[in-house]
Structures are given as C-alpha cells and as structure tokens.
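Following are the structures in question.
In what comes next, subunit A is part of two complexes: it sits with subunit B in the first one and with subunit C in the second one.
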Partner chain A sequence: MFNATVQRIRTPALKITQNCKSKDCHSVLIMIPHGRRCLSTSSCLYGKILPRKKPRVVHEIAGLEPITYADRMHFVPGLAKPRFPTWDRGWKDPTHYQSPKLEDMPLHKDKPCYIFSQRTNVLEGVRQALWLSKSVLIKGLPAQILSLAEDPANQIENQDERVQDAIKNSRLWDTTEPRPLRERFCPSLLHRLLHLCGGLQVTRPELAKRILAEKYSLAATWRRGEDMFQVRGQNGLLLNSMTPVPVLAGEEQIQSTADQALETFYPIAPTIDLQCTHVYQEKNDTGFKEGYPYPHAHTLFLMEMGNTPKLLPEQLRAKMVMFTFGNALARAQALYGKEPRVLEKPIVVQSVATNGRLFQFVVFQLNTTDLQSDSGVKNLVWVDEDQPLYEFAKVRPYIKKKVVKVPAGLSGYQPNTFKKFLALHLHGTA
Partner chain B sequence: MSVSLLSRALRSLSLSGARTVSSQIASLSGVSADLTGCRGFMTSACQRQNRSLWKQREKYTVRPIGIKKTGGRDYTGRIVTHGIGGGHKQRYRMIDFQRLRYEPGQEGQPIVEKVVEVRYDPCRSADIALVAGGSRKRWIIATENMEAGDLIKTSSAIGRMAVLAKEGDSHPLGALPVGTLINNLELYPGKGAQYIRAAGTCGVLLRKVNGTAIVQLPSKHQIQVLETCVATVGRVSNVDHNKRIIGKAGRNRWLGIRPSSGLWQRKGGWAGRKIRPLPPMKSFVNPPSAAAKT
Partner chain C sequence: MASCSRLPLHPFLSTASARLVCNRHVQVEASTAKSLYPPILPSRTAKSKSAKRRVVTEFFEQLRSRTAQEKIRALTRVQRKKYVIYPQTFALNADKWYQHYTKTAYLSGLPEKHTHAESTPVIDESVLSEARSVVCSFILQEHWYLKKGRTFIHKEQEQFVTPFLRNMVCGLKNLLAKENPVLCLSSLDFDPQVNYYWLRGERTIPAGHRSGRIEPMRFQIDDKPHSQIRIPQQLPEFAPLEAEISAEVPVISLAPDRLPLFRRQYDNNIFIGAKLEDPCSYGHTQFHMVPNRFHRDKMSKRGLSDQVEVSLRANGIASLFAWTGAQAMYQGFWSEEDVSRPFVSQAVITDGQFFSFFCYQLNTLALSPRADGNNARKNLCWGTESMRLYERVTDGDIVGWNDAVLRLLLQFLLNKPQ
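Then we have the complex of A and B:
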C-alpha cells in the first residue's frame, strides 16, 4: 500500500528529498513541502495544500494576570506564553545598540520642526523658499554687480580664451573615456573657473583675504507663524572673507518691501516636502568656530550633478535661496543674538549654482530676523536664472543624415555668464 | 511502522541539514506574514521570506516601489493562473483609494488639493494623478479631463440640496444629484474605493432611498450602498483604452501576457453569449442582525 501511495504523491516533491536517501522516508517528507502536516485523508493522498489557519488571537484583559509556564521552565499546554521583560546587558556594547523609541529620546519635543536639508526637493520651488525666508523676489542681478560685470577694468587678460580653455579641459580633455561623467566635469569646471578668478589677486590684494571651505555643516533655526523651521547640513563650497559683503539695497527699497505681500500657494502648505521631526535640537551654527579669521560668508557654490536627488532648475534655485538664507541667518544670530529684530546693517550672501553648463546666480540680503509674522520688512532676493556658459561641448560631432548638426568641441560660448561670475566674485572689493 | 519511519527520517537529518530543510520550507511557504514558524520536528527559528517583502511596506510613500513578478505562480511554485509571465519591468506607485483621508489635525474640513502631474501607470489601465494638498502628496486615479494645475475638492458633507458636481471632485453619494456619472465607488464608508476604477468606466447614480443610494455599475448590475460612501465624479481617465489595437504578438508579451495553450478543446455549456435578466440588486447596507438584538 505504501509503495502505491508513494508514486502518486511524488508530484509535489521538492528539493528537500535530497537530504534523505532511503525511499522509506520519502512518503513522510513528501507530505510536508511547506512544513505543515495535513492530516485530513484526501489532502494526504493528493498532496493538496490547505491554507494555513491564522494563529489564535490572545486578548489581553486589563487587571487579569494570565497564568504562564514561566515558573515551570518548560512549555505546558493550557498555560499562557510568558512575556519576559527586555533583557538589559548591563554595560554599553558598541556593536549591539538598540536605539530607544522616538518618544523616549532625550531631544524629543512635542512641537514638530520642519528641516530643510541638502536632500530636500521642494514642490513649489522658489515661491516656497521665498515664503519660508520671508523674502521678495527681484529678477536679474542688482545694478552694482551688473556694472562690475560690464567694467572692462575688472576683466582678466585674454578672459574669453582662458575660460574656453578651462571648459575644454574639463569637458573634453579630462579623461580618455568617450564622455566624462557629470560628477567629474562639474566640480572640475567650477574649480578651474575659481582658479581663474583667483588669478586677479595680483592687481587686487583684497581678494587674498578670502578662503574656500568645503564640507562645513550649517545650522540655522527660526520660527514662522506657529511652526519652527531649520536649515541643516552640508551645502557646498563656501567662499569666506574677512570683510562683510557691502549692502546692496538702500533704506527706501528695504522699507518699501514692507508693503509687498508674500505669495501663498493654496492649497499646498509651505511645509510640504520638508522633513517633519519631533526629535531635534535648536541649533544656530555658522559651521565655523568663534575666532575664525574669515567669519563672513561671501559666496556659496552649489553643484547639481543629478544624483540624489535630481533637482530641476526651479528646485535648485529654491535650494540656493534656502541655504544663502540659512548662512545669513546663522551669521546674524552669531553677531546680534537670537532676538528677532530688524537689522540696521543687512547681511548679504551670494550664491552660484551650476550643473556644468547652466549657471544660476542668487544674491540674498537679510534685512530682518523677525520672521514670525508675515508683515513688516522683508528680505530681498535677486535671482538670475539659467545662464548658459556654452551651448554644446561635444567630444564627437552630432551628425544626422550626413549633415553635421553640432560640431565637435566647444560651441555657443556666452561671455556674459563668466562676466557675471567674475563680478559676483569681485563684489566686496573696492 | 510510522514511528520507525519518523525516527529514520530524524536520524538522516543532521543539524546543518535540518537548517537547510526548514529554510527551504520557510522560503516556499508564502504566508502573508513574514515570519513562518513551524512546529513539529522543524526546530529552527522563524525565517523571513523575500517573496512578498516588496509589498509589506505600511507607511505610504509617493516614490515608486520595485515589484517582484510572480509569473502566475503561488508560494508552492505551481502555476495558478496561466498566461502570465515576462513583460516590461514595472514599478508600483501606491495609490490612495480612500479619497476622504484627512491629514492628522485637520479632520472634518473639506480637503482641497492641487493636481501636480497626470501620468501613465504600468500597473493599471487608468492614468494616475499626483495631487498635493496641505503638507502631503499622494497618487489618485485620474478622471477624464484632469490636468496639471487643477484644484479638486473632497468633502464629507451631505446637505439638503445636492452639490453641483464638478468632475474630479469627490463627495458622498447622498450629496450628489441623481444621474451623475461617478467612479471610484466605496462599498462601505471609509473602506476605500473598490469599484469602477478601470479606464473609461463610470457608474450612474440611479436613485437615493432613505439613507442609501442605488448605483448602476458599468456591467449594468445595480448595487445599494450607504449614502455616506464617497465616490468621485466623472469618468475615469484614458477613455480610449478599449479602442486600442495590440497590433502584434510582441506587444502582448510586453504587457506580460503569455500565449494561451494551442490545444483545441470542445467548448461546453459555459461558452457563448447568454441573454438573461439582470441578477437582483445586491445590497451592501447591513441591517442590525437578529443576534445583535438579543
């Protein structure tokens, strides 16, 4: 009888039969492909797998202590399963650490805080950044910087050729591979352009009183309405200088911003896409220690290389605005304390962001740290969008139907973009 | 006899052998819970299985999630549904079928949301829309003329007068005028849309009878649901989905449809067109049962 049944149940047999060579135990193991023994007759014979019954739900009745088999030290059918208290090692083992629940952490607070970090990708872009930093947008760079850009005395000798050389070096001649990666040519191009700008130190000694800093962590906290916001994290390259950047907007322009209303974007809340957390520390830190010889943040350079997350130009400009605001606010709170007030000497921070070809310029002037209400004096933001430095830089020409559409090498170079870059760099020196 | 069999089986299974046996067993049993504990002589600890791990996420997210294809096979490895397999890789976007989901702290007020983008979803025939409202974003099934930048409203209020139904808005059935085209219909209030979700479909609100509403589904069946069940107004997007021509066998394979068996079988009484009256109206309104009274 057993041999007959063995043939019929062979079909659901699986790999486990390898372990047991003797054919007598085939029948036992064949019956349990899923580890559960089906003892109903027809299931045994046909290898049918009945669905697993859900385990019995044990209800906890408050005030009633279940009798468990903890004292007996072994399983006893009929008694409840004991629940033991969590075992405490007694000493701190660095390889076995279980963090406490969020509510038990020491920095846990009832009020949530919305944090903007380098990974944040805001939905509404610049409008959201303007609302969060209580600022008013002005398109185009301010007049002082534009005049610096146009002035021929501020230019490097053979400026256009040297910039084109820098682009070709980073885009075409950097590697033997067919095409350099954006993660490679973007920082390489930025460093070459900075090196070119730094070459003007010969004629302008004030340019030497600056230093570039990378991987510094910024922290700035402020309240807006009932919510608390923070800007945290590493942002990019910061050009620090010994002297502060001169104020751009006059007193009348600052006072006229008090009449302009902030743009809201109903039904989307301004806190969308920001990380909401109950465990935070109210920190205000420029990223540098007290006696640092270059305390004033001059320009922030951001690079967008398309990895976590990939930012569209609108979101990249929002990131620039938020981080320049964070830098300015941290500096203001370090100089004047945490009390919200209107600043007599507004703080100006500039920013340049690039993805290797397109440049975005932002100049932020912090006029007030009183960000609780929506009315009153507001901060000023000048934004110059999407300035291409060149159109194409191809290693191999783009040919369609035997016609060269885009030639190899650098094409479509725009000199104005580098003039603005240089002007932003020189702003602050007389 | 069986005892000797068991003991022989036990002897043949070494310590390491037992672990591999139970891990294989645990990996095959695709129980909905991750932990599959088995009693008996399988004495290993509960093992997690990787098969349905991609769909165990509890927290809602807008980002697409990678899917593990099953090929029509269940946890035993046998084909349960024929004709499924292969096809382009798909990522699952978690759709929120419960339109009336309030943000924590804002219960009771009508929800206004803005449509950010309307896009193709590989997992269904309809298009999906990313809507943002308050501080959250979610995916919903898009209706026919939904475009980026539209504002859509969800409310739970049932007034004495019927609401002027705008396409894309979502109201309880008791607030909609009789004769509106609806989609994404809930059967029980708060459970989430279960009916009328396919491309181009729409149901018709036939009549409202003291506290319940009667809806005609796209299959012409009629159902009775409570009037507090929420439904979206309008037709589901991608209206020309049924008019598409596959064109070639390869396109079916891209969709993950494997060819059917070529064996000719004589069709029985189940095949062919049937002309019969509609089944009686199904009611999803639960009256208080006799057991609850006593």
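Then we have the complex of A and C:
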C-alpha cells in the first residue's frame, strides 16, 4: 500500500478540526483526515470537503539547470520557480515540525508489519482472528463456566429483580432527557452489572484480589508464516487478578487440536484490513510495570457504542479474540521469554463485549506461542455469541395500527445472560 | 305525695336532649350557624394583587393533593430567567453567598455521629488494614504500575485521579458491604446528574415593561459529581429537626450578580441522579473531584491560599443542598409543604491527595419569599478542612500515609439507616 509519492506529515499551527454546522450534526467537531480547513460555506454545511487540486508536477531533467528568478528577487514570468535549500530553525519548535520521510525514520524496516488496533474492522471476522492467532473455535462456553452459571449458590439474592433494576436505571432513568444515548447507557449498564457482581465479595473474599484498569495500552508481537503481526493500543477495561484463571481444556483436548486444520478463506488474504506499516517497533508489553501485584489478566470488557467505528457483532467478536490473544501472548512472553514454545501451563483470558443489549462472551486459552507454522498444537477459543440481556427497553410504547406491539419499559428479560456474566466473573475463585 | 327519689339521668346523657339544646349562647351560635351568604373572596380574574394572591393560593391548595411527579412538574413547568449556581466556582468567598441562598449554617468539624467515640461504628483492625492495602494498590496502579503517556496539565486529573477514585469507591464499597448491608442494595452511579431549582429572596425588576415590580429570585444548580451512592432507605439525622444551633446563616445584601452569578433561561430540572421510579431514592454519599484548573500551589502564589478551603466548602454546600433538596422533592415535600423529617447526605471532595468531608442535613425547603416569612428552621452543613491521604508516590511506594483520613472515609461509608 505504498505510493510513489510519499506524504509527509506536517503539524499545522492551526487546529485540524472544524465545526460542522449542519442541522443534524449540531455543530460537532469533525476530524478532517487531510488536516485542511474548508472555508467554503456550501460544502461545509453538508460535511463534504472537496479534494484539493494537486500542484503541478515539476520534472527534474538531469544535466539541465533551470534558470530561476532567484537573483532577480522577484517573480519574472517565464523563469522557473527557485528551490531553496531547507532552512533549519536551529531549535525544536513544536508548532512547526516537519517529520522526515518514512524511509528516513529511525524505526523504518524493510519487512512490513500488520497491526491490529482498536479501530480495526476485519472483513472475515472471527475466522480471520482464528487464523491470525492459530486457534480452534468451540461454540458455546466451556462446561466449567456453564456449571458455575447454573449453580444456585452462586447467585445474588433477588438476582432477576436487581438486574432488571440495573437495566431500567441505565436505559430509562439515568438522565433528565427522555432517554440516554448509547454512549451513556452502555458503560453505565456495564458498570452497574459489575457493581452487582462485586456485591458477592461478602461471601467470596477472593473477589477482593482483583482490580479494574482503564486505558491500559497493550503491545504483543508474533510471526505467522513470513509476516509479522502486532496487537497494539488501548482496548477496553481490563480486570486483573492476583491469581491466574484456571486452565479449562485438559491435555488430551490440547493435543487433539494438533490434528484440526486452520480454516483459510482464499482468495482473501488473512492480512486484510490490518494496518500495514514499515515503521514499527517490535514491542511486547502488558501495559503494566514489573512487580505489579495483579499480574494475571482475568477479563477484558469491550464496549461497542457505534461511534469509532461501528462494529457488527462478527467483527466485535474478532476484536475480542484478538485482544484476549494479545493479552495472553504478552503475559506468556513476559513469563517464559520470547522463544516460541508450547506452554506447559496454558494462559486463559476471558472477554465480555456488549453494545448495551447484546452480550458476546469469549474465553481464550493460549496453549502455544509457536505461531510461525500452521501445524502443531493450537490455541482454543470458546465463543458464545449474541446473548440478549433483554429484548426491548422503550421509553414510549411501539404502537402499530392502534395495537401495542412493544410496551413501554423493559420487556423480554433473559436471566441466563446475566448468569453467564456472573459465572465468567466468578470463574477463578474457588 | 312528694317522695325523695332520684331523677333519672339518662335524658341528660343525650346531647340532643331538650335540656342541653340551649339557645342561650348567641355569639357561639352565630359563628357556627350556617351563614346565609357565601364567603367574600377577592376576584380570581381581576388585574389586582388580591386576585393574584387568590389564584396562587388556590393553585397551591390543589397542588397539595397531587403526586410527587405532578408537583415537580407543576413547580418547574414555566421557564423564566434564573441565576445558575455552579458548585465548583472560583468566585471569592462564594461559600458565604451560597450559604445565604440555601439558608445553610456551616459548622466546622463533623457532627457527633462521626466524632464521638461511642456513636462511631467500630472499625476492625483487619478491615482497616485491608482497606489500606486496597487503597494503596489503587494509588500505585494509577501513578506507578500502569504505563501512561504524558498529558496536558489540565487533563492530568482525568488521567490519574478519576480512575483511582472510581476503583476506590467500588473497592471500599465491596469491602464494607459485610458491615453495612445497605451498601449491597445501593445503587452506584458514575457521572450522574444532580439538578435542583428553587426560589429564594426577592428583587425589584430594574428595567423592562415589568420594572419596579417585585419578583422572587430563581436559582438552579446543575451538578455533575464524579460518583454517588444512593440507597433505598433514609440515613438517620445528625441533629434533631428543631434543635437550637448556634451557627448563623450569613446574610448577603448585595445582588447575586455581584458574586458573580449569571442568569439564563432553560429547563428547570429537579433530579437526584435517577428518575422518580427508581426505588433507591435517598442519598448516601457523593464523591466530587475538584475542578481541573484548581491547583493549590498556584492559588497560594496568587495570594488566595484561604480561598482553597472556601471553594471546597462552597462546592460541598451547593452540591449537597441540591441533592438533599431533590430527594425531598421526590418524596413530595416542597416549599409550602415543608419536610417532616430531615434529609441527610454526605460528600467527599478530593483531588486524589487531599480529602475533605462534608455532612449535610436539610431541615427546611421553605425558602421561597412566600414561605420564608415564618420559617425559623435552617439547614446545617458540617465540614472538615482538606487533609492529606499520602505525601507522595516514589518508586512503587507510598510515603507519608495518613490513617485518620482513611478511617473517616470508612466511617462515612459505614453510615447506615436504622
């Protein structure tokens, strides 16, 4: 994806955002990718910025010196425009910075690296994530977690009523406006459900040995075939714990994955939609320093609010798989070193993603860091997809032809989804 | 022949007997007798002050029998220009002004419930040490272990203090849920909205077609605490409703514009953090973060070192008055129907290192000019100075830990309804 003309990044002294004055945007600041201000009023109103015309290309002919108007000190029609040597300011001014060309940057490498970040929206979804992380898919949650979910001893008192109260609070009662936005009710619902689960600390003191980390930055690097891949960036809320999550699949199940083949999706390359870059650093970082008292990642919570960018459920599950894999890999490399090997003690990381109503559950078990070849022991992924917590939470009833189709308030509550959420939360405590 | 016999008394037992229906007491009868003419009332539609008074009285009378939702709607329906009070303000000596507008008496130090040894809940050493280790690990995670990039100075608080406070509230609440079972049933809100709208004092309209007339001054508080805990039952009072308190409510004779307070017109909201349907309609504790541009060292350089405590006090008084007032309105009380029991809430204001604690008791809602005339009650606010929790964080260690602050924090969270 490399063009012949290299684009250099200039930080302009002016801001690179613009107030969009259209009625539906309500003067929202939009980021223009090219960083230009558009002073025309008609394009601005509809958010479309016309592309800038490229400047005329000046060809250099070897051996010929162009006659310029440099000595005349003023423009003369017919003479060429002089090109002066670049002036060096002598000191670093942060508002006037021109970055070097990509080839001249210190971290430039010949071999490209494909990076998966929080904004990546992969085409093939979970299949692509499985290929990239050399994993095998199992539908449904593992039996240990399902048994935790069904066990009545693990439940909060008046569980259904309290969960329904939490949903109504975040969806209907949280604001003076008629209804809150998704950016508000999605994190609010997640925090309320976590707060309900945390109330079980009375009966299970091991729940105290956990901590939530927001805005941590992950970095994990691995090689697959001839390509190098990385998972980078902030992703979501991470629940860390002092004790590792117990291993779910036994030795036989792990060895039996060696016989299963990885699914490819020819003609689409598995590197599609990943950011390809030649300027990168091979970094393996869990996001926390040495000596952190909560070194083991327990659960990753992802919230999909439909703004940057809007992920369909399949792509959201792919994002979950990739980030759980990245967390597990970073921790494996911190514990056992960078040499690719099959782990004697597999690392398990869980993940829950929600858009405010639908929940996706993923449990990832990292069995091997030997990801170069397609054969051998593979990692295991359990995916439970599209679990609705409730069907509708409407402020006003949906009436069609004078018949109430969906009543106002909360309707269609599914208790099993919260049981699974709670089971995932309690997994790891005795 | 006349025989001595006792007269039967039963005729006198009946009040309708002829003996008792005596027409002698003319004055008493005239007032109780059915009057021939209907009562003389002022007109309802005339353009006169008495007509206006009658309309207002009748409106308030029919409001008494409505539900809380309808009362709030009726009292906040009409939008007019109002003074907007910002709890986090840089105005000088704002706490006196806010005390005047909310009719609050400020008492330094905490109420007896939190200071006297007999009434404070006993905190086990094990619970205290666990709380200490938990809070230390939260501080170290944000400042040391979690790798973060540098941000702008005024966004530092959002990067370091907000996640720490969030973790701390959750962690301490889960820890103390055993001792204080109401915390299990509580509702923890992050970034809630708290709004309150009320009338207080009068002003003469200076200009316009209504100039010269007297109108009440309207105030609105729109607050966004960092987090708050709401419970389904009410906390017990700190002081009896009709107790004699020595502290006085300061009186400000200047116009609010001089503080400065500015007038705007928009929706009059009364909101505790959740709508009326929520069962957790009483407040327990609010947690506030100081504004981003609030730096103690910079204020002392400008010679405003005393204003540090003043602004924290103003924040505590305004936020807690709005919260308790909204809680009272949710229960159906308003300025004509004053509260029958005091509403109590607590607040902690922090910048990550310094903590100040405030307790508020709402004794009266009757602040409007019509109801304030014969209202002897005043609201009470207790507060502390800001205290350091720790000195600094160096190399994975916290230096200069102060247990007293942690103890106060735990005491606040252990406050439970009867």
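Throughout what follows, the second predicted complex is superposed on the first by the 349 of 430 C-alpha atoms of A that agree within 3 Å, B and C clash if a C-alpha of one lies under 4 Å from a C-alpha of the other, contacts with A are read in each partner's own complex, and residues count from 1 in each chain.
Assume contacts are C-beta pairs under 8 Å (C-beta built on N, C-alpha and C of every residue); 3 or more make two chains touch, one makes a residue touch a chain.
The model shown is predicted, which means the values in this text are computed figures rather than measured ones.
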After superposition on the shared chain, which partner residues are touched by A:207: those of subunit B (first), subunit C (second), both, or neither?
-> second
Partner chain in contact with A:227 - subunit B first, subunit C second, else both or neither = neither
Touching A:52 in the superposition: subunit B (first), subunit C (second), both, neither?
-> first
May I ask you to decide whether A:292 touches subunit B, subunit C, both, or neither, giving the answer as first, second, both or neither?
-> second
With the two structures laid over each other on chain A, which partner does A:385 touch: subunit B (first), subunit C (second), both, or neither?
-> neither
Applying the touch criterion given at the start, work out whether A:282 contacts subunit B, subunit C, both or neither, answering first, second, both or neither.
-> neither
Overlap of subunit C and subunit B interfaces on subunit A (superposed complexes) = none
Interface with subunit A, subunit B side, in the complex: residues 2, 5-6, 8-9, 12-13, 17, 20-22, 24-26, 28-29, 31, 36, 38, 40, 42, 75-77, 112-114, 116, 132-137, 151
Of subunit A, residues touching subunit B in the complex = 12, 14-16, 19-22, 24-25, 27-29, 32-37, 49, 52, 123, 266-269, 271-274, 276
Per the touch rule, the subunit C residues reaching subunit A in their complex are 130, 134, 137-138, 141, 144-148, 159, 163, 166-167, 170-171, 173-175, 177-178, 184, 187-190, 192-193, 195, 267, 269, 271, 274-275, 277-279, 396
Touching residues (chain side subunit A, partner subunit C) in the complex = 165, 168-169, 172-176, 187-188, 191-192, 194-195, 198-199, 201-202, 207-208, 211-217, 285, 287-289, 291-294
